[in-house]
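Would you mind keeping the following structure in view while I ask a few things?
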Amino acid sequence: MFLYVLKRILYSVPIILGVSILTFALVFMAPGDPISAIAPADAPEEVVQALKISYGLDRPVPVQYLLWLKKAVTGDLGVSIASGRPVLGEILTAFSHTLSIALIASFLGVGLGFFLGGVAGFYQNSWLDRIATFLSLIGISVPHYWLGLVLTIVFSVWLGWLPSMGAGPDSGAFYWDFEHIKFMLLPAITMAVIPTGIITRSVKSIVAEILAREFLVSLRARGLTDMTVLKHVIRNALPMVLAVVGLQIGYLMGGSILIETVFSWPGTGFLLNIAIFQRDFPLLQGIVLILCMFFVILNLVIDILQSILDPRIMRS
Amino acid sequence: MNSIGISNVPRRKTYWRDVLTIFLKDRSAWISGFILIVIFASAIFAPWICSYGPYQGSMSARLLDIGSPGHLLGTDELGRDMLTRLIYGGRMTLLIGFTPIFLAFVIGTTIGLVSGFVGGKINTFVMRTLDIFYAFPSVLLAVAISGAMGPGIMNSIIALTVVFTPQIVRVAESAATQIRNMEYIDAARMSGASSLIIIRVHLLSNVVGPIFVYATSLISVCMILASGLSFLGLGVKPPEPEWGLMLNTLRPAIYTKPFLSALPGIWLFITSIAFNLLSDAFRQAMSKKS
Amino acid sequence: MMNNQVNIVQDPDLGGVNQPLLIIDKLYKRFPIKGSFFSKEKKYVHALNGVSFELKKGETLGIVGESGCGKSTLAKLISGLLKHDAGNLIFDGQGVNEIRGISLKNLKKNLQMVFQDSYSSLNPRLTIEEAIAFGPTMHGMSHEDARQLAIQLLSRVGLDANQFGNRYPSELSGGQRQRVNIARALAFNPKMLILDESVAALDKSVQAQILNLLIELKKESKLTFLFISHDLQVVNYISDRLIVMYLGQIVEYGPSDKIFEKPRHPYTKALFSSVPEYKKINGVEKIILSGDPPNPIHLPSGCKFRTRCPQAQEVCLKEPVLQAVNPHQDYWVACHLAHPEQGKE
């Protein structure tokens, strides 16, 4: 068991390294040469030269990468070109904001998804199943940024219940009162829609598949109550469901840019947007790196949890 | 049999025909197919259908409501007819929604099949490299590459192809790995056929079905992501009509003209539902056949 | 009315008239097992541990043994699907290791195999005709000729081409599929056919039909067969000579009727004693071997069979050698008890 965990952790290291290489390479995908991406267009020559040296752009590319990596490992992701502040600090603040709405959205998505998916899986082909399936189809088909706009129109423009933008006073710091939470509601609900759709589908198919397994068919035939069957289903389904849920959290964190742009929610996605349009590469690279690391570590944790729940997974 | 012994019985390609038969019996397949044909046929024949041009604007006719005389669905913030722009927008959607999936399908299937068939260290290397791409959430990868490269249709297509190819490689590789241990592959090896021929004749026809179904299920995701890139200001640039871009430019108008500003999203939504229904129906048909 | 028969021309025998078609000389094969993370010692499954025999042209050689004795591995090595670790494999006078390129292709033409699972040995997406015609097209035959050949062969194996040619494997029964597999192998006009458990998955009545078909084909075309099976009765029915294998080695090797009449190796005796007909004829009690077959990862020292042999003795700690039991040199046994002089060396 311990060996498996160790192996799994060790395996993540080359992945993160690969991610860092790709992230570093982003600068080179930009049109023009890297320095024009980093230095402001009208910068005087000495500034450009100084920037070149400080970024190591006068050195060969692999050396540049290693220098960047060395600094990144110690927590120095550079300084944002636009704001002048250290990148890491800005990202972490934004990360906490995204995390708060992502967690709410996951909570909603998991709850609703489990309920709808479970109902659909247990009572297949009933009208409950059809409704749940229909709702999940909507969930995975809807363009979430458009949904955000629609919800804004309904709840902000027409009803005036909720604010349409921003993180409110104290810039998203978390307090348990409506004045602060109301800024979170629309973004979180919008975020929850796609995971709900996906989780509903996954739970439904997993539940249906488990119920169809012969041993359960015989259990049900022998008249065991649905409660016992339910326990069996949950025990068998948990590892797979865990994977789906974890993946959704990861995607929410990684893909928050669209929703955060709609609501001007100061999270990592919004920051990414700013970074792109200001050609702020240190910020861009920093955000990508941190989000990916989060994703990789999340997957790692899920794998380990899964193997605790179902030791057979370790052997595959 | 005629005199020189060649069989006159016509060949029956029954597998795909059977799948198609089951597919066509599905009502949702008809509905979604109909929707898609309407959207894309109108997009292709747009110049003949629409009475306005997509760039034709008038400052005095800005943001007219739905149902205004001469403009069935109103006008946008530059006075251009909404219905026209929505219909023309289908072209962009076709382009940036389909092309990456098509490219990913071709490239991904090739890499996945060859890697899966060859096996061994090469396969391990390919799959491990792919794992690095999997460490990026799809939206993040698309935005990062697109953002780094700058706005533009080509850049979006490239970014999206990079996002979706690894997923298809994975499906193709797993299918190839399953099949390469079958005895008919052994028999093909013993017939003196080269690996390339074995992949083409024996492997491809057996795996292309599931891979194709998987690829179609990715179309709606790609479409929404592509429009999302345009929504962010990457991807398609103004004044091109594209539904995501239109959502962006109409955004300031949500306070005054909410219905109008939500219109492009409805088109996206409907198209996406149609693709998902289609893909589901196809998957069901294939699983019923086997 | 011309009825031209299509055929692949068979290569002349490279090895000369008197040379055996297949020579196996001290063949070894082992498979590495995936070790755990920290183990330095690599473990192997020892599938073949020094197998040697010869196969003459026109002969039918049967190979019997329980599962795990290495017979399927042997089939894969001979057919070129796997590479051997040590020893020599000489087909038609040419060492298989040395053959490259075009010659390797020719080897594949002269040597064909019929597999056990009739279903997974046929591509589900090809029609029967296409499946049979594929091979010859790889050797230069045109598509039309190949299809014609396929039709000819279908009738030769007893299937109506009109009815079956355009069907898919899933539409045929197991016995019909094996006929197709035989036809596919014959399409190459091979010199030798390996049949690896080809009738094992079939019902008894169908088995008999396929076996009779094989015997017919043997008489018609003087094909050489290597027939692998775990079923003694089947093997006895069709083979001229017989090899009995245990844990990757040959324990008994000789004319099948002589072996059946009087097996000499304790393992062979035990094997045969479980066949009902044999008990009836020879009135032998069923010998039940003690214990389980040893782990092929850790082979016992000396005679591999001694851990289960009811007649094991101290001399069996020394490895027995395959030696002839008669002056004709056509019947060999690897057992100290059959060659009392061996142990004393």
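The chains carry the letters A, B and C, assigned in the order they are written, with residues numbered from 1 in each.
Keep in mind that, in the parts below, a contact is a pair of C-beta atoms (placed from the backbone, for glycine too) under 8 Å apart; a residue touches a chain by one contact, two chains touch by 3 or more.
Predicted model only: the values in this text are computed from it and were never measured.
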item: Farthest-lying chain, centroid of Cα atoms versus that of subunit A; value: C
item: Chain closest to the middle, measuring from C-alpha centroids that were averaged per chain; value: B
item: Intercentroid distance (Cα basis), subunit B paired with subunit A, Å; value: 23
item: Chain centre separation in whole Å, for subunit C relative to subunit A (CA means); value: 57
item: Distance between the centres, which are taken as Cα means, of subunit C and subunit B, whole angstrom; value: 51
item: Subunit B-facing residues of subunit C, complex; value: 1-4, 79-81, 104-105, 108-109, 111-113, 115-117, 120-127, 129, 134-135, 138-139, 144, 147-148, 151-152, 161-162, 165-166, 168, 181, 184, 188
item: Residues of subunit B that touch subunit C when the two form their complex; value: 1, 3-7, 9-12, 14-15, 182-184, 186-193, 197, 201-202, 205-206
item: Subunit B contact footprint on subunit A (complex, rising order); value: 14-16, 18-19, 22-23, 26-27, 29-31, 137-138, 140-147, 149-150, 152-153, 157-158, 250-251, 253-255, 257-258, 261, 272-273, 275-277, 281, 284, 288, 291-292, 295-296, 299
item: Interface residues, subunit B side, partner subunit A - complex; value: 128-129, 131-133, 135-140, 143-145, 147-150, 220, 224, 227-228, 231-234, 244, 247, 251, 254-255, 258, 261-262, 264-265, 268-269, 272-273, 275-277
